[in-house]
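Right, one structure below, let's go through it.
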Amino acid sequence: MDVSPVLSLSQVSKSFGAVRAVREVSLDLFPGEAHALAGENGAGKSTLVKILSGVHRPDSGRILLDGEPVEFGGPADAQHAGVAVIYQEPTLFPDLSVMENIFMGRQPRSRLGIDRRAMRASAAELFAGLGVRLDPDQPARGLSIADQQLVEIAKALSLRARVLVMDEPTAALSGKEVARLFGVARTLREQGCALLFISHRLEEMFELCQRVTTLRDGAFVASDLIADISADDLVRRMVGRDLEALFPKQETDTGEVALQVRRLTREGVFTDVSFEVRRGEIVALAGLVGAGRSEVARAVFGIDRWDAGSVEVDGRRLRPASPTAAMAAGLALVPEDRRQQGLVMDLSIERNIGLAGLASVRRGPLISRPAERERARDWAVRLRLKFGRLTDPVNVLSGGNQQKVVLAKWLARKPSVLIVDEPTRGIDVGTKAEVHRLLSELAAGGVAVLMISSELPEVLGMADRVLVMHEGRLVAEIGRAEATEESVMAAATGRSVA
Amino acid sequence: MTVTEAEAETRRSNGGRRLVDRVARVRELGIVVALGILFGVTGAVNPSFLTYASLRDILLNSAIVAMLAVGQTLVVITRNVDLSVSSVVGLSAFGGALILADNPGVPIPVVIAGCVLLGAACGAINGLLVGVAKVPALVATLGTLYAFRGIDYAWAGGRQVNAADMPESFLSLGTRSVLGIPLPALVALAVLLVVGWMLRNLRAGRELYAIGSSPEAAVLAGIRVRRRIVAAFVANGALAGLAGIMWAARFGTVDATVATGKELDVIAAVVVGGVAIFGGSGTVYGAALGALLLAGITSALAVLRVDALAQTAINGALLIAAIVLDRVLALRVAAALRRRRFHDAR
Amino acid sequence: MPADLARVARRWEGLILVLLVAVVLWASLGIDGFANVSNVSFLLLDTTEIALMALTMTLVIVAAEIDLSVASTLGLSCAVLGWLWNAGLPIEAIMPICLLVGAACGAFNGLLVTRLGLPSLAVTIGTFALFRGLAYVMLGDQAVADLPPAYTSLATASVGPIPLATLLVVVLAAVAGVVLHATGLGRSIFALGSNVDAAYFSGVRVKRIKLWLFVASGVMASLASLVYTFRYASARADNGVGLELAVVAAVLLGGVSIFGGRGTLPGVLMAVLLLGVVRNALILADVANEVLNFVTGLLLVASVLAPNLGAFWRRRTTPQVEGKSVS
Amino acid sequence: GTTKTDVAQQQSSAPAATAASSAAADPNAPLKQGLKIAFLPKQVNNPYFTIADNGGIEAAKEFGGEGKEVGPSDASASSQVSYINTLMQQKQDAIVISANDPNAVVPALKQARAAGIKVVSYDSDTAAEGRDVFVNQAGAEDLGRTEVQLLAEQIDHKGKIAVLSATPNATNQNTWIEFMKDELKKPEYKDMELVKVAYGNDDDQKSFTETQGLLRSYPDLAGIISPTTVGIAAAARYLSDSPSKGKVKLTGLGTPNQLRKFVKDGTIEAFELWNPADLGYLASYAAAALASGQITGTEGEKFKAGKLGEYTVGAKGEVLLGKPTVFNKENIDKFDF
């Protein structure tokens, strides 16, 4: 290539205590090129991103901006240098309005201070470009993960940066938003912006990027032109071995009804939702972002109060608004927002895994530490968790590994009805297959699984039945045989299904 | 996106904004309602409560706490707290009074400036402890609450400065009225308006909210968190210093115990005023209204001839009632908002 | 953020322990009248109320709440005791009633916090005034002093150098320590103090636990009021004014995070003792009261500052936003 | 427990460790040299006590003893107890205390007395079993009645009056107020009505707002009695600046330095107080007399108190300082405290 890179990393390394998160990795970002970063969970992608954005200072190696070595003393320096970052986990100010989140520190000003009208207009313009229906004055608190991610994207775009780094921006998005985002990204690329894109969805990398760099265990593996390699090659580079089929849902005989939801309504959120899930069955709940799927799951599990309707588990009605009652009945919910709802970030891995099942490691009134640790280790190994020690706080784990801890916490309870909300969000291909195998095994063992997912291939590959929600209502139920991308999307966007 | 779609979008967001605005206003409305009830009921029972002299006294009484509440709001918004204000007030009040008493010729503006600087220095100590050395604010300022008071005691050594020792021109600052409004209340009002404007219309002001709302995100957004936190503490300290010298002018009798325990009143005013104790939201106007409400309650109890022994209890009960009222209103609005969300979005 | 919380905790307690040992050594060698049985016994006795209230305050603060009304609850319970005693009830009947009053005060706080979702700081500033006020209403300016000598002497009695009241603290501390550090309830308290949402999603009965913590805090305050009343042989409405700050200071000095989710009970107990020893030693050394206040404040700040300064110097050389969990 | 006897044994140099009354007094015993006398006021840094204790320390110097002031900065009973214990460990010869709570300090004082330490209470008494002698600044009855008389003269025995006191449980003030109420029952006060007792908690600002509240709720108030130095100063401050200045009469207990300005500008006609320095002085001599065995606290015993002359121990171990001085425009400039 004859152009020179805007931003390069040269032989950077970064360790956290004993963990060598990034080892002598080099990377060149060229203007007008979208560069993909691939690797399993914990491979060091996010750490690399944080080095680029000045959050972490590399232990060794250099950062080059336009060929000149620079040192980023903090995120502010990187921003000044024209590097915009969308972090893996949304970093919003919950109390502030969406537009202030976007323009914090860069608010348009008039003579009388901040010019809110101009700010509102710019925010609306950004949202329009992304095709998002968000009110710029709305507070960020209460936004769904997807909406938060979209605000992050708008924020990064508003910087009009020379380098745009996106750490799994699509993990929480469904097809429609992803398409919009890619549209915007392509435009930026054509305008000469350099993109760094991270995703665990291989097809997205192939769709958007020209080049891909692969990391494994913090070390550089290869950098290829996308055109030159196949998906299988890429997976092999990431995982270091061949992978078997991605979606191994076994056919199982379905048993009696385990979860029965009748005419469930929570005013203003979802209306009249009825469905059932049988033992041994995986039912997917599909829909666009904001259709209300997570809200249904929350209500069923007793997090939110419902206004009308009923939920039965094994023929017994659940007390409303009581997660404890739901758990006692055999229900488990893997929530979509792992940082807020799934994990206590300051607590250790073992305590997090143990938290939902304290009763099972008790000796009399006391907790048996060996039993607790045994249980945690068992599940950590089964889910191939990448960790230093079980006593490390979960916040040092990579995003995907955090997700595994949430899964472990709930699977360890051996639930009879398992609700998983975006179970593989941010999980790498290898582990994703692992999670799918697990879900499938659980179903085979007689567990009723309700899976909420925004990833259509996952829905189609895993589900025995697909329920589709649109604007708070259940609009379609599609059997495994009839479920195709077209049929599901049609229902999800509100077009009637044949 | 077509033009009409965009228009629809804007209109929708306008509708949403109106709603949000209304909710935001309700935050302070709760206290205004409480204030209205208080003044209405008390005035009905004893009309002398609503006379000019009485209202003037209430304004005077709330001026100092209101100013402290404004300063405290700056700190609380950043998810911190300053318990040491009462000790700073004491230090500044005693220091100022002592200098005025011992040096008869010293120009009053110089003394006032000195007190503000003294307060700012105390604030800077707090700010450095919290912002730079990362000591949790509650711990740091609980420590300096003791420490500053200790300095105050050591300085005073049992001495008391009486009104007779200070120049008349200084004392009159505490009671003089301009256009019928007592001077301390005018100063507090000016401070309130300036700080209120800065918090809303300056980037630095918005950044304080951002820091309180999510400290981690603030770092990632490139906000100079340390500097802002120190600045908030310094500003609060300076206001406490000003409040201290106002205290000396108003009450005339000053010793080392001035304002002991006032920090709880200030925080109560801030909390009643709807400032979130965990940062990120609330306005100085609310905090000042909170201070006014607390002063109003105290005056009303005296005017209503409530038994002295029962006053503390009723004070506490009314405080709780005000918080509960505010909360119930907020919950109602939130519920209404949820019900409307889908209709609105369509 | 240091990788191992347990290690941090251990390091913290280590620090307090070293400080405690140092101060005790210095005082025994350098201050006349410190290291003798009657002084040690008095010192222990004098920390009883603070220690008792600090036990439950630790649990409450670990759960990310705070109870500023403890000293007022103590006052109200004293007032009830005095009032009922004046009314002629036997003391054996009055004591359980006092504990019930404490429980009711705690429940009032707890219900406002859990049912209405009000911040506990705000609620307990309110009840701080309310409970104290009720105490004045009940007992007014009276001091009830003709309490049965059997109880007043029991409150100051000791086994060897150890006052009976201290034994009570030890027993209750053991209970609280086991609850916090070895039971499911303790785990749940840490979890909900650190992240309420995640705890709620994990089936932790957040509201119920918080409610009971406030009740426990109230009961403990009234238990402390019994010790207080008998120890001073005087039941008054203004008993224990200002103790809440001493309790909170001890808990924070003991390494409990004011943001919840972090802290240990042994640390808090050592901090209570440290503050008591420092006070006692300095008074014996005829150090003026203002210096005493100053030292208390300094100790509080310095103890938190010391480990932070280490981190601060390390930060100079390594990354800026160490471990901010954004991943 | 074992503690009491331990301490008693350590105190072998001190006179007989049992309660003072059993030992016989020797009126002619000389004052011992080098007596260690500790003053424990309600609260240090309180100007009133600073003056009183300095008077006492002065006296100690005169008779060759060693005086010091220690105490809490908050006026609470429990913190005084810590100091009593400390003074006991320090083997002081006498403790001179003004009790925050007449009962709460008694167990600790008893222990101190058992260890041979003499206890004198001043300003605010403890329960009788806690001390040997109480040095009373003025007869409670005297004070209560004279204050009513002072005010009555100023308002021609007519109108509504109020009292602005310290805390609701201040022992002194409450006794005085009782006597005021009793005095008001007399026929010559039939036109006077005590409408309210307000409490300023000995806090300047609270007293200030309470005064304000009094005027607000009783617009036709004729006079205020404030039997506390903090209260009267705050009330004077408020009145001097309000339209009621000179119309609403104010009297009570205050120090001349605090109130000089208000006497001169007409806010206050007259108020009264004993000399706090004399109070401390007398208490110091009483302590020395006790520690030297001149007196034991029994009624009728006499001792010399330096420049103040001879005093006699009255009933219940009380020593009376004398009548308070009434301060007015004419005489106020003669006093400086």
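First chain written, first letter: the chains are A, B, C and D, and each begins at residue 1.
Criterion: a residue touches a chain if its C-beta (ideal position, glycine included) is under 8 Å from a C-beta of that chain, and two chains touch if they have at least 3 such contacts.
Heads up on the chains, UniProt names are A = Sugar ABC transporter ATP-binding protein; B = Autoinducer 2 import system permease protein LsrC; C = Autoinducer 2 import system permease protein LsrD.
Predicted, not measured: the structure shown is a model, and the values here were computed from it.
Comparing mean CA positions across the assembly, the chain most remote from chain B is A.
Of all chain pairs, the one linked by the largest number of contacting C-beta pairs is B-C.
Between chain A and chain B, the centres computed from C-alpha atoms are 42 Å apart.
Per-chain CA centroids place chain B at a distance of 29 Å from chain C.
Distance between chain centres (mean CA atoms), chain A to chain D: 74 Å. Inter-chain spacing, taken between the CA centroids of chain C and chain D, is 35 Å. Shared contact sites, meaning residues of chain C that touch two or more other chains, fall at 136, 140-141, 242, 288-290, 293, 320-321, 324-326. Along chain D, residues 44-45, 73, 168 each make contact with two or more other chains.
Counting only residues that touch two or more partner chains, chain A has 55, 74-75, 87, 91. Of all possible chain pairs, the ones that touch are A-B, A-C, B-C, B-D, C-D.
Here chain C touches chain A in the complex through residues 1, 3-6, 178, 182-184, 186-188, 190-191, 194-195, 197-205, 261-262, 318-321, 323-327, going by the rule given at the top.
Residue ranges on chain D touching chain C, taken from their complex, read 1-3, 6-7, 44-45, 68, 70-74, 76-78, 81-83, 85-86, 88-91, 101-107, 127, 167-170, 174. Chain B contributes residues 46, 48-49, 53-54, 57, 61, 149, 153, 156-160, 162-164, 175, 247, 251-259, 298-299, 301-305, 308-309 to its touches with chain D in the complex. Note for the complex: chain B touches chain C at residues 129, 132-136, 138-140, 142-154, 216, 219-220, 261, 264, 267-268, 271-272, 276-278, 309-317, 319-320, 323-324, 327-328, 331. Listing the residues of chain D that touch chain B in their complex gives 44-47, 49-50, 73, 168, 196-199, 203-205, 208-210, 212-214, 216-217, 219, 230, 233-234, 237, 241-243, 257-258, 260-261.
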